[in-house]
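Same chain, two partners: chain A is paired with chain B first, then with chain C.
Then we have the complex of A and B:
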């Protein structure tokens, strides 16, 4: 795609997300869709993290763990220590990144299914820890999380207190969609910078990468930390909206869905997780009317999609679009 | 011409198997040295020991007087000892040019964050990598295929790409893993020329190889391994007339059974 085409696509996307969608929802009165779209946005952020680990050649089935950890860190900071949500949000991400460095150093030496199995276990470990630790309040969880407060610089209110808003759903939608756009812009830059090229070199051949002088252990941990940071951000956003978190807020199922959204959107495309999450989420809701057959139809369609489009939905691009755009 | 690379009394055991047994030799600046030996002689293991992909059980490898054995491979590469691989080890989904651009990693002055934010240093690095990659791709004779996906290259060209990737790191010593294996006569001739040209750029070369005629043609000195031990070392003429070598390759004359 030409530069002009790219700019047009970006402007068009932002216009649809921030202008057309709210307008459509306002005219149709389907304000329940805000919740759905907000969820898609925050799940896509966590999915983006999984995509990063795919990009260095690792199958990550443990993103649910980081979403859960991020959610709890944010909840505990806000509720127990009275820290502002706006500070807790990045702190939750950073906590997850730090945790993933400790975990990642030993396990990133594993490849293929071995790495995949270990990360799968993480989600369960995180859930059981949340049940057992005193600070997470066990199975009762944390359920009295206040809405995000105002951001004011020198007395000028930049973001109003969410609890004073008539339509906090719209505010959450703008928050999640805004962060999603920022996250994918950052990811796009990463993939198209030299750092992305080095990540790709890891994905293709780690031995060759180390022979050309790449510190592969370091780069793997950096990529995994970015991945977990995004997982934590996704989790923290989730709790601010649901105003509660329980050990079962993110389960193995969610971990698998994050991974699936990457597959479904296309591993070769930065924006794959957005499309993947959107299709996964809306596909499931759409099939609600089929009742007991919901799961059956859903899984059949997913299997068919992966069989027919092994490179993801985005491989159905219009002629002339290049890989990776 | 000083000694650039010294392999001193290196031994590698895998459990009960001694793959490399007290091997000592050295490589001088600007030489082409070959390591040969029958299958299973320990050539590949020795190769990995020198490039720090394996850690020796005992003994040391020194480069410019500093120990490099036991370091991580990327650190040995940073010092200037870089290995190539056999043909399939390339960045398959990248173009030929991108393979070589990526391999310029050691020449970067900017940090990863610098590249991410596109600082002035990073941009000048990128410009320089692109220029240098084009030069190297043309040098190894892949100029016409620069935009081709690397996995589509035929056999002989993959080897050239491997050498191009090695050259991009700006090595002092380039270790070549069987650069002539599986080539026909004509391809071997071209590869020999290429290796000589690489030496012409000021790169010292150590290669492990099976193809005896090619080795005889190209090497300044040859080290012969058998059952993990160094059994001979010398110029191609000396090696051709060495009894130990002939015995290792052809077998011993055993008078008791009339052979």
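Then we have the complex of A and C:
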């Protein structure tokens, strides 16, 4: 795709997300869609994290753990210490990144199925820790988390208090969609930077990369930290919308879904997680009308989709996109 | 103390049988079978239907569980996994497929059998009650059957022709093919056998503790744990891993029972530390 085409696609996407979608929702009166779209945006952010770990050749099934940790850090900071939401959101992400360095240093030595299984177990560890630790309030969880407050610089209100807004859903939608766009823009930049190329070399052959002087141990911890940062941000924002968090807010199933949406969108494509999450979430919602057969139809369609498009939805390559874009 | 050890052995025998199926599928196809727990639950429900509802003998019920799951496994391999492995650019796509089949089995189980906890009448009545051990006879019966199952599986892998073919496949797929092993056929048999083992253990479980549709996922995680302890794709490792997990669970539950789920937390954290020291498990081959 040419540079002009890329710019047109990006502008078009932003236009659709921030202008067309709110306008469509306003005209059709389906304001419940805001919640769905917000969830898609947040899950796509966390999914982007899984995608980053895939980019260094690891299958990450522990993203649910970081979403849970991020959610708890944000909730505890806001509720118990009265920290502003806008400060605790990045803090939650940074806490997750720091935690992931500690966890990642040993387990990133594992590969393939082993890494996949150990991260899955890590999701369980996070859930069980949330149940056992005193600060997380056990199975009762933390509820009544206040909505994000205002941001004011020199007396000028930049972001209004969410609880005074007539439609806080719209505010959350813009916030999440904005974060999603920023996250994927950053991801695109990362993938096409020098570090992205190094990560790709890791995905293809670690020994070879190491032998030509790539510091693989460093690189994979950095990539894993970025991944967990995104997971923590996604989780923290998610719980501030639902205003409550429980140990079962993010479980093994969520970890699996993050991975599924990455695979479904296509692992070779930066924007795979957005497409995958969108299809998974809306497909699931759409099938709600089928009642008890929902799960059966959903999984059958999923299997059919994997059989027909084993390399992801984006492998259809509508405009002749190169692999890796 | 004896009580704890015997409980651990009983759990371990069942776990080892589950892990054997998982590790067999992994060794042959490099597929991590997420649906293993669900296959186990399905086996439990088949036994429940045949033995509990239709009142046929328990042996027939176990056989039915095994055969049903073997068919399910064979169909999965032939029509789903084989196709995806052939078409996909990368091997990891099978993991997505495995997760999807787990959801599919969950849905089928929920539709056919509902979400209630199901149990069957006791196979053997009575309780073994000595001054150092209290154990219901049916648990002993189930434990012995599980150990017999492990022995039968090992003998099959060691001495039969299909077993030898599968071991060859696990060692080196290309070399096995060059030596005239029908790779496709034995891969299918292997997948079917792995699924069958899960089904048979499910049948044993329903006799001892009952079954419900929600336990598939947690069982899969436990199975992964055992395989990781022993080393993926190694038969001996699966058995050792199963017994270690069973023993840890039994000891943990008796020492830490005041703290609820803390046992599993300790086990999982210990596992993560263990794997960072010995990434391939106790007996696993180095990866990659």
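By our rule, the second predicted complex is superposed on the first by the 324 of 325 C-alpha atoms of A that agree within 3 Å, B and C clash if a C-alpha of one lies under 4 Å from a C-alpha of the other, contacts with A are read in each partner's own complex, and residues count from 1 in each chain.
Just so we're on the same page, a residue touches a chain if its C-beta (ideal position, glycine included) is under 8 Å from a C-beta of that chain, and two chains touch if they have at least 3 such contacts.
Keep in mind it's a predicted model, so treat the numbers as computed, not measured.
Participant: Quick check on the superposed pair: does A:204 touch chain B, chain C, both, or neither? Answer first, second, both or neither.
Facilitator: first
Participant: Of chain B and chain C, which one contacts the greater number of residues in chain A?
Facilitator: C
Participant: State whether A:3 touches chain B only (first), chain C only (second), both chains, or neither.
Facilitator: Touch status of A:3: no partner.
Participant: Give one of first, second, both or neither to describe whether A:190 is in contact with chain B, with chain C, with both, or with none.
Facilitator: It touches chain B, and chain C stays clear.
Participant: Given the touch rule stated above, what does A:113 touch, chain B (first), chain C (second), both, or neither?
Facilitator: second
Participant: Look at A:215 in the shared chain and tell me whether it touches chain B only, chain C only, both, or neither; answer first, second, both or neither.
Facilitator: First partner only, chain B.
Participant: Is A:102 in contact with chain B, with chain C, with both, or with neither (first, second, both, neither)?
Facilitator: Neither partner.
Participant: For chain A, which residues lie in the overlap of the chain B contacts and the chain C contacts?
Facilitator: Of chain A, no residue contacts chain B in one complex and chain C in the other.
Participant: Can you list the residues on chain A that touch chain C in the complex?
Facilitator: 59, 103, 106-107, 109-114, 116-118, 120-122, 124-125, 128-129, 131-132, 206, 252-253, 256, 259-260, 263-264, 267-268, 292-293, 295-296, 298-300, 302-303, 306-307, 310-311
Participant: Which part of chain B faces chain A closely enough to touch in the complex?
Facilitator: Going through chain B, the ones touching chain A are 51, 53, 72-74, 77-78, 82-85, 89-94, 98, 101-103, 105-106, 108, 112, 115-116, 118, 122, 125-126, 165-166, 168-169.
Participant: Quick one: which bits of chain C touch chain A in the complex? Just the residue numbers, please.
Facilitator: Per the stated touch rule, the residues are 26, 30, 32, 34, 80, 83-84, 87-90, 92-93, 95-97, 99-101, 103-104, 106-108, 110-111, 217, 221, 224-225, 227-228, 232, 259-262, 264-265, 268-269, 271-273, 275-276, 279-280, 287-288.
Participant: Enumerate the contact residues on chain A facing chain B in the complex.
Facilitator: By the definition above, chain A touches chain B via 189-190, 193-195, 197-198, 200-201, 204-205, 207-208, 210-217, 222.
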